[in-house]
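Each of the next two complexes has chain A plus one other chain: chain B in the first, chain C in the second.
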Partner chain A sequence: MEAPPVTVMPVTGGTINMMEYLLQGSVLDQALESLLHRLKGLCDNMESESFADHETVYLLKGQQGNPFLLRARHSLAHPAAPWHLRYLGQPEVGDKSRHALVRNCVDVAASHSLPDFLNEMGFRMDHEFVARGQIFRKGALKVVVSKLFRVLVPGNTENTEPLSLSYLVELSVLAPAGQDTMSEDMRSFAEQLKPLVHLEKIDPKRHM
Partner chain B sequence: MQQREEKQLEASTESLISRVAHLKNSLHSFIFKLENEYERLTWPSVLDNFALLSGQLNTINKLLRNEKTPSFRNQVIIPLLLSPDRDEELAKLTEQRVPVFSHEIVPDHLRTKPDPEVEELEKQLSVEAARIGPDAAQKQIQTLNKLCSNLLEKLNNPRDDRETESAAVRQNKQSFNPADTTALVAAVGFGKGLAKCRPPGPVAPGQPGQGPMMTGGPTLQQVTIAGSSGQQAAIGGPVPSQQPGQPGKMQSNIKTNIKSASMQHPYR
Partner chain C sequence: MSGGPAVRVSIESSCEKQVQEVSLDGLETYVPPLSMSQNLAKLAQRIDFGQGSDSEEEGVEGESRDQEWGKPEPEEEEGTVKFQPSLWPWDSVRNNLRSALTEMCVLYDVLSVVKEKKYMTLDPVSQDPTAGKTPQVFQLISKRKSLATAAQLLLKGAEKLSKSVTENQENRRQRDFNSELLRLRSQWKLRKVGDKILGDLSYRSAGSLFPHHGTFEVIKNTDIDLDKKIPEDYCPLNVQIPSDLEGSAYIKVSIQKQSPDIGDLGTVNLFRRQPKAKIGTQAWHVKLEAAQNVLLCKEIFAQLSREAVQIKSQIPHIVVKNQIISQPFPGLQLSVSLCHSTTGDKKNPKSSPEKPKPDDHLYVLEHNLHQLMREFHKQTLSSVVMPHPASAPFGHKRLRLAGPMAYDKAEISTLQQGEGLLEKIIKQAKHIFLRSRTARTIDSLASRIEDPQIQAHWSNINDVYESSVKVLITSQGYEQICKSIQLQLNIGVEQIRVVHRDGRVITLSHQEQELQDFLLSQMSQHQVHAVQQLAKVMGWHVLSFSNHVGLGSVESIGNASAITVASANGEYAISVRNGPESGCKVLVQFPRNLCKELPKSDVIQDNKWNHLRGPYKEVHWNKMEGRNFVYKMELLMAALTPCP
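And now, the complex of A and B:
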């Protein structure tokens, strides 16, 4: 008997058809303070939020095409907060006129039974990590500066080790498809972080 | 000749009155907002109100300085009739502020000196100034001047501070490491370098659909880099060295892997 087909098409149409515009970079631990200082000056006048999140990436192998990935995230600092389920589409990086990587993005809040639910659906955990850092905002722009940690014992978020001596810096905007002016704003913002951090459009496939 | 001057005077008085009325209206609405909407009032809108007021004051100043405006200073107002009775017309004109045109209030309203309260304040200040004596005053003036010049210097020469700062940055030199960027992006993108959660089976390349698939199944990374020889290193071990795999071969392997995976699909 054939297994029922698993939809691997990205969700389109309706209000949830949002694109994520993304630029990435990193900063060494010793330069982190300068970067945070600069971000405090550049971003909206607010207290930057600290966060500690545990992200688990689930994989469902469809019949054809690429495996289907879902990212489940929950806060370690606020265990009662809802889980966050995220689907990310294939990144589009080819367009030279666009200054940022663009990918389909669906965000959903979920209850705490999300891992069990995904397991029942046939998803299997592929990998997990812990991210600790700070979030800044400037209008629609979001800047996340975070340190990634390897989880040494699966599921145990207490026992972790840092992945590298740098912090990951991500500048992102969520916008409906086709709003390419966003990438202009992002580029000018990224310019202001130079030479501390070089935020670039990085094709993850190139580094597989 | 005289008629023309009179006309000019009248016109400028009229425009002055209308501008003052505008100013009064803005002040009025601003005060109303401050008193009644202070909970919703945002700082930018307060600033907007101030900007409006200052703009209106500026136009009035410009009007008074205009060449065509006759000098109001040269005009003399003489009270012709004083009366202790209430004058309804006057009360209406002044919005109930001046109901009577009597000997008591006329000197205050038609005076060319500052208001009595202002005069009183000024008197107090001059008494204060006379009290401290010239030596102490001189000292205070000097201190204030010193403070001001120090402050000005600081404001005008931030370059020194900035230079030391940028020198410090230059000393540290690189604030980021491109290799780290790559590693981090690869890690969030598809879990490269992150410990795999599933126990790896001894995968032999080129033998898809065999034993290991039944126990573990390919992880994402295995699927994507299958075909390169880095498979055993991809799991649990250190970051696998990048192998220049042949794209054609990779493709075929992915297909087979997924097919075999669908065989043990949970829905079945």
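And now, the complex of A and C:
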């Protein structure tokens, strides 16, 4: 029996070419309440949604150069929800005037056998952490306020300790490639949060 | 002197500068001459202030001073000034200073003596009245000057006062603007962009996906004249709404008989009176609410027209200008139109100025459209959309499960949103129409037919797609006896389901005639059932009973029913045949011995056989006395029952 025909062309279009626009900032624990109040006022009128996630970062070391990084995340509050696998590309070095960090982003929902599958594929777990916080949305904008916790014993998400005395604030939008209108909206939204938190684009490479 | 060669005479001034020293190389060093100030100082030192024009002092000190001046003679010194040629330029200075000193000393002495008040006192000198008389011109000038000073002071004060008053008014206007702005902000979303204040009146933050921006601008109302009286409805704040949201709008849903010509369709332009604003609401509030309503109506209509074009249905929907027309039932036309009046004038050039004829303006459906839109908005904001884990993109929770759970196309399509706005509204309209027509049918039957009576009890609690009514067919006066026909009608979207008391379930279509025919057949059955019940009460026996008789002429509506009852002693029998169309036929069977026409026969030996029932005789039913069928039947039965 012949093998079924397989396309060798790379997959383009659809959800493959989504770009993530990102702005990050942080607030100290004492300033969290005022930030949450302001976000509740600015964002869409919904009940505040809190989340608790456990993220594991997998690395595939090739023979050459940079290892390939994948992020697997699942919800601790909703155990039945599917896992989420994410690939984030290099930040685009476009014009400096762009206000947000832009990088290629591939999001895939996966079943609960994801960690085993990645292990079989050859990925090795690099590090893991637990994030707890709240999500807000305003149209297509997503604001995530989270506190990161370090997992002391690998695999045990009950025993965690906070990584710092502050909360990470991320403003992100997923948009198809080529659409550059979102960065203006993000900038104006970040302006409205200005005295409470300063959201800016942080190049991850510079902090490695 | 005499003529001879001129002799040159050189004159050389004597060396003015003194030679201080001569150095070894012949260079002479002169004493530097005195500068002006040094010269002056030297001369001033030589002034003798002790010497002056005063004779006594001069005489005393003169002797002790320079002897080279010679011995002065006392009698010559009284008025003579000592000639001191070297001090001549300073003489006047010295004399003036000496006289000033003298005067000061005298004054000091006088004042010290006066202070003691023992030897000298100060007394005002009596003025000569004529001596101090000032000329009139001088008085005038002085008065004018003092008045001018006073006037200037008053003017300055008045200026300050007026400035403060205008400032106060300005402040009040400012404060009013700010307090109005605060009130505006408590009800609407505002943000500051540059030096403009913009607001958002769209439903975007409530979950709408309509692409209209919905921004309005807040402007200060400065065209107020402070001198004139401020009008009652003056508001320091004014809002400027986008031009396409001006005026007022509403969605009109109506059901009409199908119009014969498609060309009749067009812009529906009915205008409704503006709702009067409550007292106490500001003008900007009314304006903003109206604009928001216009926006919502536009969104509803855009959604409906989009669905009308995209969704395939058996009978295609027509979208014409601001109207959507569809056919829920054949012969019926449902039109949904957006009525937007921009200028707000009451006159309408197209339609006639009198009150427009009512054409089933279904307010309930319009309200439902608004509610459905808001439901849709809430859907986009529900927590079902929020991702868990947080890094996942937004989207419905079930669709995110589709990948890992490997749903196939059929499962995914079941998960998708069921019906759109248009389909829902059409279904609701169908139901409303069916319900109203059912009610009309029942009512028309009830008014037309008196015997038996038809009663309808509508239930209060209905669904948008389903209503129910209980129909009772009774005879007047005999409700307790004859209650066998009770129908429960469940009016759905396209069909009516009838549940009979005896358990039968019948489904009727939307045709009006079906329901009417059914009810008529039930009414005729009721009569026969009533006879059955009556027989039980009267003590008569039911010999036979059939709901659907197979004999006789065929009815066009339903079937005829028949019953035969016999009296208690068996002598008489009544046969009734009732059909919806043929009416009722009542026959009475008499015993043989009461019939004269029967021929005598040899077969019958015994006399007792003459008590059997014999021939039938028809009753002229319409000549019977009695209000209704059952009453007549009761009378008949009573008449045929002999008194004991």
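In the analysis below, the second predicted complex is superposed on the first by the 191 of 208 C-alpha atoms of A that agree within 3 Å, B and C clash if a C-alpha of one lies under 4 Å from a C-alpha of the other, contacts with A are read in each partner's own complex, and residues count from 1 in each chain.
Here is the rule we use: contacts are C-beta pairs under 8 Å (C-beta built on N, C-alpha and C of every residue); 3 or more make two chains touch, one makes a residue touch a chain.
Treat the numbers as computed from the prediction; the structure is a model and nothing was measured.
K.L.:
Are chain B and chain C a fit on chain A, or do they clash, once the structures share the same frame?
P.N.:
Once chain A is superposed (C-alpha atoms), there is a clash between chain B and chain C.
K.L.:
Quick check for you: in the superposed arrangement, does A:D53 touch first (chain B), second (chain C), both or neither?
P.N.:
In the superposed model, A:D53 contacts chain C only, not chain B.
K.L.:
Does chain B (first) or chain C (second) touch A:K142, or do both, or does neither?
P.N.:
second
K.L.:
For A:Q64, using the defined touch cut-off, is the partner it touches chain B, chain C, both, or neither? Pick first, second, both or neither.
P.N.:
A:Q64 sits against chain B, while chain C stays out of touch.
K.L.:
See if chain A has more residues touched by chain B or by chain C, and give me that chain.
P.N.:
B
K.L.:
For A:A77, select first, second, both or neither according to whether it touches chain B, chain C, the two together, or no partner.
P.N.:
second
K.L.:
After superposing on chain A, which stretch of chain C overlaps chain B: 153-161, 243-251 or 477-485?
P.N.:
Answer for the clashing stretch of chain C: 243-251.
K.L.:
Considering the complex alone, what residue numbers of chain A touch chain C?
P.N.:
Per the touch definition, chain A meets chain C at residues 44-47, 49, 51, 53, 55, 71, 73-75, 77-78, 81-84, 86, 107-112, 131, 133, 135, 137-140, 142, 144, 146, 174, 192.
K.L.:
Show which residues of chain C lie in contact with chain A when the two form their complex.
P.N.:
Per the touch definition, chain C meets chain A at residues 191, 204-207, 381-383, 385-394, 397, 400-401, 403-405.
K.L.:
Using the touch rule from the top, collect the residues of chain A that touch chain B in their complex.
P.N.:
1, 3-4, 24-28, 30-31, 34-35, 57, 59, 61-67, 69, 120-122, 124-129, 148, 150-152, 154-155, 163-166, 168, 195-198, 200, 202, 204, 207-208
K.L.:
Which stretch or stretches of chain B touch chain A in the complex?
P.N.:
Those residues of chain B that touch chain A are 169, 172, 174-178, 180-198, 217-221, 223-225, 242, 258-259, 261-262, 265-268.
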